[in-house]
Amino acid sequence: MDNQTILVCKNIVKKFGPVNALNGVDFEVRRGEIRGLIGENGSGKSTLTSIMAGMQKATSGSMEYKGKVWNPDTMAYAQEQGVCMILQEAATIKGCTVAENIYAGRMSEFSRFGIISVRKMIKNAQELLDSFGIKNIKASDVVDRYSFEDRKMIEIVRAMSSEPEILIVDETTTALSFDARELFYGLIKKLTEKNKAVIFISHDMNEILEHCTDLTVLRDGDIIGHLNREEMNLPGAPEKIRFMMVGREIGDAYYRSDFDPSHENEIALEFENVSVGKIKDFSLKLHKGEIIGLGGLSGCGMRLIGRAAFGQEKLNGGKVMRNGNVIDSPLTAIRNGIGYISKDRDTEALILSASISENITLPSLDSLSEHTFIDPRKEKALVKKEVERYLIKCNSPRQTVSTLSGGNKQKVSFAKWTAKDSDVLIMDCPTRGVDIGVKQSMYAFIAQMKKDGKAILLISEELSELIGMADKILILKDFAVSKEFLRSADLSETDIIGYMI
Amino acid sequence: MEGIKKDKNMQNSFGKVMAYMKSHISDVAAYAGLILCVTVFSVTSGGRLWSSYNISVLLESVCVYMIVALGALFVYSMGYMDISVGSQMGVYCLLIILIVNATGSLILAFAVVLALTLLCGAFNGFVAVWLKLPSIVTSLFLMFVFGGLQMLIIESTGQNSISVNLSLSIMLEPWFILISIVIVAAVVFYFFNFTKLGKYTKSIGANELATAQCGVNTTKWKVIAYMVFGVCVAIGTMFLLARTGSAGKSTGSSYAMDVMLSLILGGMPLSGGMKSKVRSAIIGSFTYALLSNGLIISGVDINMVYIIKAAVFFIVVAISCREKGVFLPR
Amino acid sequence: MKKLLKKMVLFVLAFAMCMGMGASLTACGGDSGEIKIGVGLYQDSGPAVTATKNYLNGLADALNCKFEFVTLSQTNDEQNKTTAQSLISGGCKGLILTMDGGFTASVLEECRKAGVYLAGYLSDYETSYNNIKNNEYFLGTVVDGSYTGYAWGTHVAERIIAEGHKNIGMIKFPSYAFPHQSEMDQAFREKIAEYNATAADGDKITMTATTELQFQPLAESYLEENPNLDAIFAMCAGVDFVYPTLVKKNKTNIKLYTAGFSTDNDVLNNFGTSGNGCIQELVFSNVEAITYPLVMMINKITGHEFSDNPSEAQRVDSSQIIITNNEQLNLVKTKSLYCTGNVNDAFLSVDDVKALLAENGGTHAKLVEAVQSMDIDDLAALNN
């Protein structure tokens, strides 16, 4: 171990029942590096890092941190010792102020004779936020007021303020807005300049290639290989990395292969001068067999449009129509064949504690019920069809959804609506937190849906996804449509990005 | 070689059993609690637990717990609660007595009570949503209203307790109780497992937001769940009244907590959700009734009874509520 | 570490529970031909409860009995029935309950089913007596003092005349709960009227209208509305409901004549001539009165019968200890079973009780006489 090495993992094995999440992984973190960790869902990257950060224990194997045996019992202890992890899902404490969240567990710093000086804590927190260049968050506010993106930033500030030796970032950036992301890259860069280390988990290949100094690829609990900066700069590196991750050629058939924006003439969903929130007079006609993409920076109002289409928002004016019916609640939306896949997969789209089967059938219960009776055989048949259609990896449909990987979870939220045979699908970031293998198949399903005459409203923060999938792209900026693009092979991200910012 | 393989198989199946036990810990705890009570009391009571007299006594006390708990299942599976049932039942008992004594019609009395329970159910379900209050607040409100009513009614009669001029002893015949329990349990089982009602209430308990996004009118189903509970409360009240044929100031008052404790002893998570099972109500009410009955027939000092009850309760809850967050690879 | 700790706590708790169950194992012992009797009291603690338990447990071996004590609820009939059922299931051959109510009929029905007998203790069974006095399974009851309130009402009136109080406040509990306090009230007024008829004008005694307390302490305004009182006759439990108000309003110069008793020093130290001298009379019923239902029950269970057994279940008066001066109080404090909890201080010794059983030649008349010969003079005589 040279003096640059800060953490060493030796032969780490982690078992979940009969499943091996990690089979004897050796891993080293050096000072001053941004170590990318990439792999498909279930490859073991979150497991490995969470063991380092004290969230769980390895089944066997040993770790060394700063030359001493490392076996943290809790995340709090690990953080105290300088190993800090920012989780994929929200981890702010509801009902507390921003300042309290930032200094959670360290409030004694502000206490005198057992009394915590709230004013001092808020002042310090605000200074901290300012020093990171975060202007829109006030330290004295309750965190609940802030969006998911902002809360994520608060977590990052919390992690940074503890001056970690090793910062582990688990797919956090997908949750951040464009500006915040830039801010964040700056922050981790600064950390490495101070000779600290960053472990960076992401599904976003571009992000990894742009910001990491080293890259480790995991697959099925094994380390497949390492790439250094030079190797990452080589042309063809993305293909090589994808191949390492998946173990097979992904090929070109990633997005839709055709560039034909045609669709049927029948209108499937219509926005008539809809005003909702800060959006004024939004009109749109979505036709059968059409994919319309909505893009923009997060906070531009595109999610609001998706929610309005499903009757979840109270409209200030105008109406959403389908087949001559006004959509004013999720119930009318569903009865008219509209399905909605929420971006907040774990809190809105799925019931994590329920089984795959229960999740898939939930929207269909209304139509399965005959004189109050819901036939379990019909439920079973329906679920079987969907599990087979999406190749959902599970032991049995009775398995709870919380035990599934992100990609399989997302398949379940798709299956809910195909089981219901919805004709209009509103998808809010359908591939968020999903690895490329599953992503590829999701895109294939979406393309198939178009062929089957379904109408799709695709809301996405990934421009490449919109370019690759949509027949028509609407770019929103400050709650208004700034530009429309039609599907074409020549369309590139740089053409679009100017209309977003 | 063969031996090692066998050993591995054994280990595997043992592991499977352990894994099952772990994932169904609350069920296991609930069954274990019941079995423990039965075996321990069989011994300590010198076999008197199984005397035909005691069985009939047990049935009599179980039936009220069970019928009310079966109804409560719908409400608790949503992660809601109702602490007004106790005082509601007290008032209903008094009302039945007054109506029967005045008109001689038990059916009229039952109809009035059923109407009231449905109304209270609708109130609990609807007002909670409408005013965005936690269900415990509305039921607390009802508890005070009914508690006050009970005092007013009993004080207006000028007696410590009033009795009904009609023999309800047929309701205490073991066969009648058994048939009633089986019917109520079967109906609840059907509605809980094979209809939208049960599936929706569980989903609401597990994730209300996601359920609403599946087109479920959560307000409507909350009200329905509370009303179904009301029907069970009305039936349970009839059995409660039949037990002594009289009612006083605190008749029924303990039932709100008794029902909650029964469900918890039966392995029901208080947060509701997908792990809610009909058997929680059935097992739990048996365990709960057995605890009171068994301790007294075993001759345990009355002061010890409370302590032991608390200990058993604590253990069952400690085991069944220690849900471990299982981190799976993402 | 934490996990281990949790496991240990669980283990210790489980162990404690098993110990508790084990204790119950030894407690129940098994049937050795002894008669098991369930005793339902209306409190779970207090001097009366301790004395009753000690007295019965002191008698248990000699009478080949075993007693199981439970607490009844004053307001929850259904719970009382469950308790009674559990006692029956637990092998009790007889139940002695201090409480009557809507549940009594259903408990007697359980008794009929199981062949178990019921008797009352310090309760007049006002609600049920007329309906159950001919029930084969009801063996009668011993009343908390006298069934009617006349005797004590007259007695207090005599004392008040003798002490020379002129303005008397009258306080009682509501009639629905204590119907016989009306008789007490009436007897008191009759006696005073008798006195007033012959008294000189300035010596006449005036009484307020009777105030009913709804089991709440006396309102402070009462003393402002009746400023000239020199004594209060509280037929209710005045020690708990009237005395604290007097103390609060600094009106302890008003003499308090009341039913009930307390072993609280605050009460005993302000009795008669000691302390503030506010409390002038205290009354309680003897724990030994339980001999009546106990003997009746053992007779029935062992198949013996008094030669003069009454044809219907009786409601028998018992004598009460009425304390009127410090000397008597001192005697009670040191020598009565109620206060000392010592079985040797009982009016009736083990042998006395045994002799009252039918099989040993006892009669109903002797038994009644025994429970009616336990007043303060008897206590004095016993300790001379």
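We call the chains A, B and C, going by the order they appear; numbering starts again at 1 in every chain.
Everything below uses one rule, namely that a residue touches a chain if its C-beta (ideal position, glycine included) is under 8 Å from a C-beta of that chain, and two chains touch if they have at least 3 such contacts.
Everything quoted here is computed from the prediction, not taken from an experiment.
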Per contact tally, chains sharing the most pairs are B-C
Measuring between Cα centroids, what's the chain most distant from chain A? C
Measuring from CA centroids, which chain ends up nearest the centre of the complete protein set? B
Distance from the mean Cα position of chain C to that of chain B, given in whole angstrom: 38
Taking the mean of the CA coordinates per chain, how far is chain A from chain B in Å? 41
When the centre of a chain is set as the mean of its C-alpha atoms, what distance in Å lies between chain A and chain C? 74
In the complex of these two chains, what residues of chain C are touching chain B? 6, 9-10, 13-14, 16-17, 20-21, 23-25, 27-31, 44, 68-71, 73-83, 85-91, 101-103, 105-106, 109-110, 113-114, 127, 174-177
Can you list the chain A residues touching chain B in their complex? 16-19, 21, 41-47, 50, 55-56, 88, 221, 310, 312, 329-331, 333-335, 340, 342, 347-355, 358, 361-363, 365-366, 369, 372-376, 400, 402-406, 416, 433
If we count contacts the way the header does, which residues on chain B are in touch with chain C in the complex? 40, 43-46, 48-49, 51, 53-54, 57, 60-61, 157-163, 169, 240, 243-254, 292-293, 295-304, 307-308, 311-312, 314-315, 318-319, 322
How about chain B: which of its residues touch chain A in the complex? 15, 19, 191, 194-197, 199-200, 202-203, 206-207, 209-217, 273-275, 326-330
